[in-house]
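Naming follows writing order (A, B, C and D), and every chain is counted from residue 1.
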């Protein structure tokens, strides 16, 4: 039993990270009925931009760079956590502008478009930063390990899980507790009526999409110190994101969160007790759940079903 | 069927026929470079099958830099047999199916008579199959699965990297004696991982140690916390890893963050320089390599300078084992052509099979030789660990031992490798 | 949709004029392919992938079911072909049949789980199953050779009892694949335009309406998926012959994605021949661009985006629109009856 | 005139649904648009709102041409809409459905509280999700939603549809109440009697054409005319 506890804890922290990775994807699928296949590439881009900003050669004029580098790493990191998603959000904005032509058509077109965008972003990453790996530096306060119950744990992991929980809470407040969230939900449900209520739907969609891409970028920044940074890292993110959404059910916020935790627990426990099955276990979990619950745990009927 | 007229014995004849069927052969289409060769000497064209994207995109490009350097050196000296050496390269995407197609293109469309470059064993196998169909020589520069020189060996393929068995033989016995007998294995759940771990296991047991657990890690694992916890719970003396690709990079990060390096001791397989360079702070444990740019041997410093001059502002500041293997294999290939005095494939193969390179020439501690039975280069195997007192920011390794080729040789390989007889190799000449 | 672009007389035919022209053009490919800077092997891959994409489009275009893990069946077919050759009997026909049957069984198994789904959940489930098959292919390396691949698969001779053709040469194999492709396209054409195909197309329009008309929607969805998987597996068997090996990568999400993209780019949603156009464009461009630059992904990404932005109906759609426009203008201008024939031939 | 529709042609794809349709609504007056099912009544509302854009003709609201404006700007100018199927967001509470519709215009601005006060039961339903409301309650929310948008004109699409007679009475009372507050209404109805009971002016539409327009009282009192225009009721 005591052997099991660390693995449960590990599974939960892992689950929070999975939920964080899926969050931006979930927003765009749930609120815009668009599958954003570029989610993974934007995730990677977030990590790269953050690495560039916190690294020794920030993309700034020499004087500013000196000032910036004089700041302690902790400050730079904290600032980056805000700046990098904004930069990635601008790319998201570009994608949304292209995406507009697919609204109201077969969702396959949005898929094709974002697949193309994903390829372009990955190749641009390779052109700008090369094929090598990078490391995202994190402040020493959240780095290293600590001893707990005879085992060494990674501090960063708990920090990451904490941030993930915080961001999940923030997104929840935004969607469930603000008028903006309500408008977005209404827009997803019935786009005509929100327009007839005087709401600028294109701006609303733009905001949601950009917000989704910013969340992808944040997930990239948070996960990068664990996974490492490389051009094709996005693929590693987009698949779990998919999985979490389907498991939780399209359009369900808590579905995604619970599914993320479930997947984390499943992978974590399988890693300890049936290690070779750990990655496969999440697919088996998905098939098992979706066989009995057609729309995932809390999924609703979606426009994308037709 | 018209195609049956084309002889399968010779690529050259085949492509000639194709152009005869197609007309005069003078029109080469919009993409074909159409040179008039000076003095009628047609260049020797190499096809460089280097990954530029996918898991080994980074290493593939480092491989390419070494290969290109050797080609440039020969061309600066006036080429080989008085002919220039040219090349073409295309992204093999770390995908075997692409490797296959690229190899077909290079051989049948670009008239390459030799292929060079490999990281991923699947891609290398795909290329090998196409190459051996046409009898085209293939330099497997950096794919280090033991099977490359075992069951998947080929008469036309030469393997230039040390493999998992070589590294285990160099590292295990010593570690069992000096560190402890309880070993745990961390094995990537695919062929390379399994064969590498099997080699380690055999060595551990032969040295009187025992394997207390073998954790199989699925490919594409990014989070190793579950395994690290499990290892801490099991408390082995030594953990031997056979984790490759992007997975080992993630593992390195995570072990480094926890500072788990030390208790237990970690024995890793070969760490490729392009992978290390991206995350130098995460090096941990003891690991293998075939070459290091700060070896205290004659010629190394000059080589590094030349390499740097050729790759100014490149993503990696110094050559590592991957670039080294690319360079060495290409250089020895071109030398073999010179010695053979011919570009006939079987003649070159025979030259390479009898290849012996002195320690000085290889910039390693011991003389190296090509094993004629397995086609694997038998070379010095180095063990290294993270350098606590680096001389500069590229000085990441501390070399702790070097093992001579014979002591690190994979004894099982010759029984697994069956090379096709020369007579069955299609003739290739350029 | 598909019915719009074909007249009823064509739909009833076994071999349409378009088909015949295509086959004839393809039959001349080995004569000139090297002259335009390409090579016969590429022709082989294009034909095999075309057949695969057509099989895939049975699910995506005809039935409107988004299957994003179709590479699994292609890959399973390749493995089945190799294993049959090694462990059962080295006979081309038996092993190609085995490739189709094994992939069909895998497809049927998956169809059991997914056929009551639609849209996004259907898509996601196909991805999950695709990933499972892919992971298993890498994991069961004692059977599949794992990432090393199932090697040393040979191009078995095409034995017709009296005569036997050796297929080891690329040009010979090209003609064999072309013959198979011709039969395959004829069968698929008939299938799509059969009563069965029309029910499947009706399901694409509206599952509810089809169910009200008394069709067992589940059974149709499951059978069309199984059929498509079997044909994909068959193409996979051919691919194993082409590559002399079977590798797990064709089963990955990325590679499964490519066949979707090829089909969409070509215009598979509006035209029977769309997937073939897409495959031709994709593979040729990738080969040529790949030889020129390592950054081929950039150009393809931009191409996909451009297609969505400017020609969402795909190349086939754009072509047929252009032909129709041209014919109509011509008719308006001259009003000759000869031009009517052109409209007929513009399909 | 608060709204003038001038010779509007509207199409669905290639099918024409309105043929040169015109109507004019005075400030703070109730206008009834009558006609059988499929005559083009809903299309008229959609044309006014720009949801289905007219190919020809003009829509002027409060003196400004809004024919080419995007829907949300037309709404922001002060046109409210009560669709026939209510179209509330089922997963949101009543309060949220109202709050997202709130906006300020140059007409009288309504708070959620004021709008809810018109229908007394609404105050107790504020926190309930809209999917759990009865048909009558939904209609009240839909009207309140139009009100909090501070409109100068509200378009009612079949307001009596599927409602109990008592509730229909409440709805009509509300329309009159809004008239007192200076809000004009365009009531589209199949049921002429109901609409005419509150209307000041009326028009009859048939197969996309306005076939009669005039005082509501004329139509209300002239049974023969009504029968000729609208068939037996």
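Operating definition for what follows: contacts are C-beta pairs under 8 Å (C-beta built on N, C-alpha and C of every residue); 3 or more make two chains touch, one makes a residue touch a chain.
Computed from a prediction, not measured in an experiment: that's the story for all the values here.
Common neighbours of subunit B and subunit C under the contact definition above: A.
Most remote from subunit A, judged by the distance between CA-atom centroids, is D. Core chain by CA centroid proximity to the global CA centroid: A. Centre to centre, using the average C-alpha position, subunit A and subunit C are separated by 34 Å.
Work out the mean CA point of subunit A and of subunit B, and you get 36 Å between them.
The geometric centre of subunit C is 53 Å away from that of subunit D, both derived from CA atoms.
Once the centre of each chain is set as its mean CA position, subunit A and subunit D turn out to be 44 Å apart. Residue positions of subunit A touching 2 or more other chains, listed in rising order: 122, 126, 276, 279-280. Shared interface positions of subunit C, i.e. residues touching 2 or more other chains, are given as 135, 139, 297. Shared contact sites, meaning residues of subunit D that touch two or more other chains, are absent. If you draw each protein chain as a dot and join the dots that touch, the picture is not a line, a loop, a star, or fully joined; it has some other shape. Screening every pair of chains for touch gives A-B, A-C, A-D, B-C. For subunit B in complex with subunit A, the touching residues are 52-55, 57-58, 60-61, 189, 215-223, 225-227, 229-230, 232-233, 246, 249-250, 253-254, 257-260, 274-275, 277-279, 281-282, 315-316. For subunit D in complex with subunit A, the touching residues are 49, 51, 70-73, 75-76, 81, 83, 87, 89-92, 96-97, 99-101, 103, 145, 149. Note for the complex: subunit A touches subunit B at residues 3, 6-7, 10-11, 13-14, 17, 122, 126, 130-135, 143-145, 150-157, 225-232, 236, 267-269, 271-272, 275-280.
On the subunit A side of its complex with subunit D, the touching residues are 179, 182-183, 185-186, 189-190, 192-201. Residues 29, 35, 37, 98, 101-102, 105-109, 111-113, 115-124, 126-127, 235, 239, 242-243, 245-246, 250, 276, 279-280, 283-284, 286-287, 290-291, 294-296, 299, 302, 304-306 of subunit A touch subunit C in their complex.
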